[in-house]
Every structure is written in structure tokens, then in C-alpha cells.
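Quick heads-up: structures coming right below.
What follows is subunit A paired twice: with subunit B in the first complex and subunit C in the second.
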Partner chain A sequence: MKDSTSLEKAVSLRNQCADSWKSNQLGKAYGVVYRARDRNSNIVALKQIRILPQERQNGIPITAIREIAILQSLRHINIINILDVAVGQGSENCSDDGSERRSEGRGLDEVYMVMEYAEQVADFGMAREYSPRPLTPGVVTIWYRSPELLLGTSHYNPSVDLWSAGLILTELLLCTPLLPGDTEIQQLALIVKLLGTPSPDSIAALSAIGCPDLSRWRREQLPQGRVDNLERRFLSETTKETVRFIGGLLKWDPDERWTAAEALAKGRNKNAGEAERWWRESPREVDKDLLPTFPEIRNGERIGGEMVHRGTDKISTRKGKGNDGARSAKGASLESYVFDFGTDQMESQSQRVTKRHRIR
Partner chain B sequence: MPPASSNSAPATVGSQWLFSEEELSQTPSMLDGMSAEQERENRSKGVNFITQVGIMLKLPQLTLATASVFLHRFYMRYSMVEKEGRPTFHYYAIAATALFLATKVEENCRKMKELVIACCRVAQKNTNLIVDEQAKEFWRWKDTILLNEEILLEAMCFDLSLEPPYHTLFQFLVLFHEQNNKKLRNSAWA
Partner chain C sequence: MAAQVPIPEPSDTISFMTILADVLRLPEETLAMAFMYMNRYRKYYRTTEEIDFLDAHTLALASLSLSSKGTESPRRLREFLLPAYRLLHGSNPHAHPLTFPSELYDSLRATIVQAELMLLRVLKFELRIPLPFEFLPRYLDRTVGELNVGGGGWLGTEDYDGMGKEQRDEYKVARLMETGIARACKAEIVTALQSYQLANYFPARTIAAACLYVTLREKGLRVTQSVGSWLEEVTGGRVDAGDFHDVVAELEQNKAGR
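Take a look at the complex of A and B:
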């Protein structure tokens, strides 16, 4: 029975891999992620969700509930499989804040998600099911944030993810982030530098969505007459079809941006047709199993030693990844798989999560 | 071409919540000596509580259905019989907790305060009851909900994604060409 043993399981998991428990932290953000061995000696990933006492007035945070529910409902080869959820028990009585809660039978303050250990999309910490209602604008790491989000809209839709996907594609080509801005304004400036000044139509579209910061940005920051540099920037790196593909994802107007289905060449419209040309182009996609594997390189950091705070030196480590893999892989674990939770991204996300809680 | 999606729902989902006739006659409460009728009555009181609090909070039907399923699942794992040496899970307490969790799962969050006040009002059968946030009753409900939330989640194995029955119901109505039979539709829906 799954239910009665989940607690024992978490404890036994923790005990069983006591030696590797602390030393195998993989990522640290909203919760710590551990690499662990289960009873059947399978390598699993454990994601710990810590529930802070100050968040407890509203019970288990909705973000944690969303993450679990969404991961459980998704089954896809590219999405990590959640094997189990277990609860851990913290101190017996953590009601140090007498005014907030008076009695507390037991202080559940940890939830463990047991997941497969593989290269898959794993972090759904900020995910939620899409519905056409106002959403929080402060989502997504700023580098991958779409124009409408940068301009503060709360009426966005899944097209924000396609923008991010386009930028990740460019990052794969360049081995470095394309638009590493620090602030919203700087990020927008970088976008203008890449895509040129948005057309009046695009501006009108953004204004129609309701972007509170749009008019001020136009008045004070937006340079006129900048040209689109996307092709110039990438034609030396890649093919024309790829540039077209990226251009389809990096559109100012979210409605003009390709949809996920179009980008996957599903459907019969013009965008899907263009995407199809890209997918047909050489090199064709290959099966995952046929891809070469590489020794584990994780931001040049030693694995198996003490927990290192990662993501401090973002750009340089990312560059290091592309330059000399062998050297930075020194001291890497025996496993040849990378379990990358995108720490950089998660760290800034975790800050956002706390921010959201404060608002609530 | 991009890889074909392998997005088929796993066959195992839901199976732990499908019970045989025999299992249904051996619920934890019945094993503790409660009669089947009594348990059914208590469950329906719990669901009724969910409905009343839900209406007071203007929650959608779907959220109430989710909460009710949570309640039923909980009592397939825990007994409602009071016994010394173990915590008691009253059906009103679990109903309130199930509703609290359902509002989060279904994205219809209500403030804890609103929920607690509605619970107090329904429990006392007084829709205009003035509830003081410092009152003992307020705190009791709040603590009960927070404490039971964890137990409820654990009992349900964090299995939070439900398939609501309404779509299936509608398909059945279509199958029997009864989709325009308003009376049947309404009574089946509730």
C-alpha cells in the first residue's frame, strides 16, 4: 500500500542514503533536490518542499499543491515522472509564533517528491494550469521573459512560454544567454537591440492586451527606428530556416508568435508550414538514445563534495560549459546523466515565490 | 518531424480509488463497528456541510464535487469512530478540510478567514452569526483545518487530479438521448 508507508518511505529513503543524502544536493531553490537511492537501489531524485512557518496560515502553499498536481497529471517522455510523494516530520511542535497558531499536533514541514532521475523537464514550481484570468506578471526569469510580461501585463497566455523557448534555442546555438538583462527596462532594451523597434501594429497589440508599463516605456525609453538584427546576428551561426524558426517565436505581439502546435509543424497554416521546413532540414532530429552522452558537467562545480551554492557566477560558468567540458567535469560523479534543474532560473523563481506569498 | 506525443493517461491512475463491493462493506469505520447506514448518513452530512459552506462562499459546483470526493476517499483510509488513543476525524472537520484543499486544487482560493467564518455559521445553523477572529470557535476551526490538511493529503497519497464525473454523466445522457430531459439532468447533477 502506497498510503500508509509514504512517511516511512521518506524516512527510510533518507536513512538508506544517509551517506549520499547531504552530499548529493542537486539544486536548491524553493526546495532542495537530492539524488538518492530507493529501496530497490534505483537512483531517484527527491525534491524537498519546505513549508515555512510564516506560510502556514494558509496551510500547504498552493504553489506546492499545483506542482504536485500538475506533475502527476502529466505523462510525457520529456517530462519527469513523479513516483511518489511523501511527507516528512519536522519538530514535534513548531508553534513558536504563539499569536499565529496556538496548538499544533505535529509539525509537518517537509514534503518530498520522489521522482525519476533523468534528463527531463522537472521543475514545475511555478507552473499552473492555464485559464484566461488575470495572472501574476512577475513570472519567468527575466532573461526569458516576453515583452508583454516585461511591460507588466497580467493577461498573458501560453505564448509567453514560446518566447522563452525561442530564447533557449538561441542559447543552445550560442552557448551563452542571448539577452541577459538585469532589469525590465534593460531587458526590453536588449530586445529592441535584437528585434528592432516594434512596429506600430505590435505596439497596438501590446496596448490592447493591457500592458500598464507600455506607454511610459514608449515615452521615456523606446528608441525609434532601430532595425531588426535577428538575421544578421544568427545567419553566421546557423541556417536560414533556423533563423526563421527563432523569428517565429520571438515576436513582439503574442498573438503573432507561433503557437506550440505550429512550432511542432502541426496544422496547415503558414506558420506550421515554415516550422515544418525547419524540422525537415538537415540535421534531422534523432532518437534520444542515439545522442552522444557526456560526462557530467554541472556549472564547473564539484559534485560529491560539500554543498556549493550555485548560480552565483552565472555567465562565466555558462561559458565554461561550452569551452572546456573535461576540465570542469573533474570530480564529477560516476553517473553520466545531468540532472539540471536550471538552478539559475530556479533561484530567481524562488525569490518570486516568496514575494507572492508575502503579497497574499 | 517532431516526435509524436506520447501523452496517454497512465492506466494506474484512479485504480487505487476504485473499490469492490466487498471493500466498500469493510471501510475503516465499519471495521470499528459502525453500521453501514450510519456511515452513509455521516458521509452525506459531511457532503451536505461542504455544499452549504460552498454555497455561502459562492464556490463553483466542481470545487464542491472535488471536496466531496476528497471526503469519501479519506474515509476509505481513516475511521470516523471515536476511539481512545488516536485522533478523531469528525465528518464536519474533514468536510471543512476537504473544501479548503479543493479550493486550492481547483484554483478558487478563499481566504482562510472567510472559510472559517462560513464553517462556524453552517455548524451553528445561523447564516448571520457574527464570528470574532479571537473567539475560541474561530481558532478551533482554523487549527482543525490546518492540522487535518496534512493528514488528508497523506491519506490521499497526494493524488489530487480528479476526473470530475460531470462529463461522463453528460455523455451518458447523450447516449440515452436524454440530454434535454431537464428534470433527469438536474437530479443526476446534484
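Take a look at the complex of A and C:
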């Protein structure tokens, strides 16, 4: 462990994850995040990168290198800054219980990223820079996996992320995952149920990419004549522009799918124009600091027989019909989706209590 | 024991890394990056009072292993260790081949893992160091590529670089970076980064421009204008002329010394 960071009080934030995230094994899959204080008493997040036993034999895993390199290269208000990286065998200088642990000679077993402390809903643990060459097939959590990935291609491109983004948007609207399939086939069936049977052009596009499981799926599993249910599914939940936006991201053909720039309404083509209409719709985009947060129900503690909670008491703003800034009953279930790292967590107890509020 | 077959025997660390990169079919970018890491590591220990525990071959292997990951051409440690051991000990008639699994293998592997960590610390995890290769395509385009474009009344050629894959395959059209000058230039860059001075003290774009300049001269292609204005045109004025001349001088000095 590097000297610049001492771990005074390590708290596994994995335990603070909501059940719904746990079901996705977020904490287990991507390592544990600790809260720590650096030498200047700044609160930092300490992420222990997960190294599989089979990876240890080959030194530092390439996934860790990618994650660190990508984080080092990105500077954006919504992306956490990486401050330092510490690596070592065992944890001679790092303890989570005040006592010193000794290296057990197991080879490389600990890599920590020291990051600025902020709420984080996703990481770059499985990210890599795009290059036009065969890439690892079967990536992405199955619920958010695009059709071409489900059909086994290794020739995909950044459009797979736009598909996932579309599904995350629907999840924010519904407060539940839209397509929670268990297997690739089931996932594809759910997509067909939502978007309808893919057109011959879309099938041809998937075939051109090189999807090895496409023929068998078409032959054995693909239902014919299913209609697009996207509008019917979402028009009662949100606006027409939102449905159009989601539809732009959820396209069978990756080349038809909106690009990130188009989704951000950058550019002058038709897709960017449609996206711009969505961005102009109320509620408008607001500064990150003005965004509401939710108390994390699992952070609650019992004090004096009453459940109290640390965190902020701002309320939800959902982009949707008649829902501007209002907290609907449905919105309340969003609580389980938000990490509340509660920056007062390591302050004195008295200070903390003043910032707590009751759970509604 | 099988009959001895003639394998090339490396005379120094550079040749050891070069042959190993070829054995593992690593791209030149990976080898160049490994030289970069190795030189950064050496610089660190030359400028601090810390004790350097790594021997030259361990550092070479760790640099190559790490650069293979940093440049997205990963190879397992076993793939490095087995040929590396043979390269270093194959000519000794009393040496036993490295086998897997074995205690010796485990020990060597643990050494390389440890060396990787030391290298990572020195590099501060900044593994994506800009290499001169990045600048080469545009510099080549502004020299060789100018003949394709035409201008000032001179006619150009077919737009070879704009051709689709099918047409390119049908007429066997080489990409700009696969042409003779480009390949010679890339080899020059790999050689340049073996130099402690060049790898540590000069920007990648300066090395790229100097390597192109030296390669053109070696191919019998003269720069018809002054070197200063050539440099200005090719690099868009982003390379310091003094640095450029220093790199050219170092490249030529290294060539004379070989």
C-alpha cells in the first residue's frame, strides 16, 4: 500500500448496495470500495480491484490496467477523478481492523485505486477503448446486452453502450429493469416482445456484422409477426419525445441506433434533431449540484428507538408526464437505486445527527 | 535430448527483447513501448537514491509483459518465460530446459510479477505513453501523401487511402502505413526508443519527425527546401527545431555506433 494513503476506517460500501443492485452482483463483480482519509484528511474512495485467482498468475490484470488508464484519461464532471494507484502483495500497510496484516505470499493480490469521493453508479471495470478488431464476446450484464451481443458477435462497436443507455433510461422511468432475462434466448424473446420481430433489413444488418447464433435463433426461436410495443409500453409513463428518444437507442440494427453524439443532440442530422426535441422538453437538464438525491434506506440507523437516516433530503425529479419535481409514490422506490455515501459519515456523531432526517 | 537447433542468441538486453517480441509475434508498438518503460525505469533509479533490485533481463521481461497489456496485445507470463529461458540458457549444454509446472518456473513467474509491480510504481500507472507512431500517419500524409493529392497544377493519383476494403483487396492496395517508407520509419522509431536520451527527454512528435527525416534521407530522398521550413510544413510548427536537430544527431550517432 502506498504511503500517501492510510486507511483509517474502511467501510465496505458493498454492504450499502441496495438489494436490486446486489441481484446484479455489482459489489461482488467489481471489487469493494472503501471510504478512507488521506494524509491531508481528505475523504477519498478506495477501490480494491478484484483480481481473480487465475489472473494472479499473470501479474496485474489487463482489465485493471484498462480501468486505470481510462479513468486517468477521462476528465468529466460526471466521471470520478482517479488520484492515485496503490499496488502490492498482501496489505502490509493497509488494514481494515487497525491491525497490520502480513503478506501471505499469494502473489499479486491487491490493487487499489484512490479516487475522489463521490456517488458512483457505474465503473470502468470492464471498459476498454474501442478498436475495430474482434472484441470479447458475451460482455455486458445480460439485461442490458444488445441484440448483436446476445447473438454472439465479437465485431461490435460503441453502439452496444447506447443500447444499454436506452435500457437504463427505461429503468429510471419504470423504477425496475425493463428486460430482466435469465438467458440469451430469453433476453432476445423479451426484446422481440418489446420491439417486435426484427425487419428483414435488421436481420441482414445483424448477419453482416457476423452474429454466429443468428441463424439458429431465426430458425428455432424467432417469433414472426410481432409488433413494436414500445409506445404502448411507455406512453402511459412518459412523453412521446421520451419514447422516441428511447426508440432511437433501442434499435435492432447497431448502425441505425443513435450515436452518443446524436443522443446528446450534437450535429445536424435527423436523429440529433429528434434528440434535441427531447432535451428541450420539460423538465430541462439541470446542473449536477441541483439534482435531487434520495436517502438510502439501508443507511438508516436506530437511534432512541426511531429509525434515522443520514444523507440528503432532496426529492426526486423524473422526466415524465406531470411529474416535474414531484415525488410520486412510484418514485419512492427509486431510493433503493441510489448510493448515498453521506459525506458526513466520518464526521463526529454530533455533527451527523444534525444532518439526519427521518425516513418517510 | 533432442538435437541442438540453431537459435539466435541475444547479445544484450535490447536484442533479447527484440527477438522475444518476434517470437511472441508482438507488434512493433508493443516493443517500442517496452523500451519506453525500461528507459523510464532506468531514469527513475538514476535520479533517486533508491536501490534498484532488478537485473537487466528481469526488467526487460517485466517491461515487455507490461507493455503487451498496455498496448492491448496481452500474452501470458508463461509465454514470455519459456522462450526467454531458452534464449538465455539454450546455448549452455549443461542447462536444463525450463518446464511447466516446476518450482523454478513458479519462482521465475513470481519474480516477474514482482518486477511488474515495481515498474508500475515507477511509471505511476501511466502506461499509455504517447509513442511517435501516433504522429507518423499525418507526417507521412504531408510528405508522401502530397504526391497523391496533387496541387498547383500537378495532377494527383487515385485516392488509394479512401478505397473500400473490397477494392483494396482486389487490387492489392497497401495502406499508407504499410508502404516501404512507413515500415522503415517505424523500424527507425523502435530503434530510437532504445536510446535512454531519446525515450526520456524528447517528445514523441519530435522523434517521429526526426525518424521520418532520417528515413527519407536514407532512401535517397532529399528535402528540397530548408530543413526548418520542411519541419514547419510537416509538423504544423509543433516541433522545436533545436530538439529536432538534437534527435537527428542522436539517431545518426547511434547508427554510426552500431
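Criterion: the second predicted complex is superposed on the first by the 237 of 360 C-alpha atoms of A that agree within 3 Å, B and C clash if a C-alpha of one lies under 4 Å from a C-alpha of the other, contacts with A are read in each partner's own complex, and residues count from 1 in each chain.
Going forward, a residue touches a chain if its C-beta (ideal position, glycine included) is under 8 Å from a C-beta of that chain, and two chains touch if they have at least 3 such contacts.
A quick note: this is a predicted structure, and the numbers were derived from the prediction, not measured.
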After lining up the shared chain so the two structures overlap, which partner does A:Leu264 touch, if you call subunit B first and subunit C second: first, second, both or neither? first
Of the partners subunit B and subunit C, which touch A:Ile185 in the superposed model: first, second, both, neither? neither
Look at A:Trp279 in the shared chain and tell me whether it touches subunit B only, subunit C only, both, or neither; answer first, second, both or neither. first
For A:Val87, using the defined touch cut-off, is the partner it touches subunit B, subunit C, both, or neither? Pick first, second, both or neither. both
Taking the superposition as given, does A:Ile168 touch the first partner, subunit B, the second, subunit C, both, or neither? neither
Once the shared chain is lined up, is A:Gln72 touching subunit B (first), subunit C (second), both, or neither of them? both
I want to verify the contact counts: of subunit B and subunit C, which reaches more residues of subunit A? B
Between subunit B and subunit C, whom does A:Ile62 touch in the aligned arrangement: first, second, both, or neither? both
Subunit B and subunit C footprints on subunit A meet at residues 2, 56-60, 62, 65, 68-69, 72-73, 85, 87, 108, 128-129, 131
Quick one: in the complex, what on subunit B touches subunit A? 1-3, 5-10, 13, 16, 77, 87, 100-101, 104-105, 107, 109, 112, 139, 142-143, 145-147, 149-150, 153-161
Residues of subunit A that touch subunit C when the two form their complex: 2, 56-60, 62, 65, 68-69, 72-73, 85, 87-89, 107-108, 128-129, 131
Contact residues on subunit A for subunit B in the complex? 2-3, 6-7, 56-60, 62, 65, 68-69, 72-77, 84-85, 87, 101-106, 108, 111, 128-129, 131, 264-265, 276, 279-280, 285
Would you pull the subunit C residues touching subunit A in the complex into a rising list? 65-66, 69-70, 72, 74, 76-77, 109-110, 112-114, 116-117, 120-121, 124-128
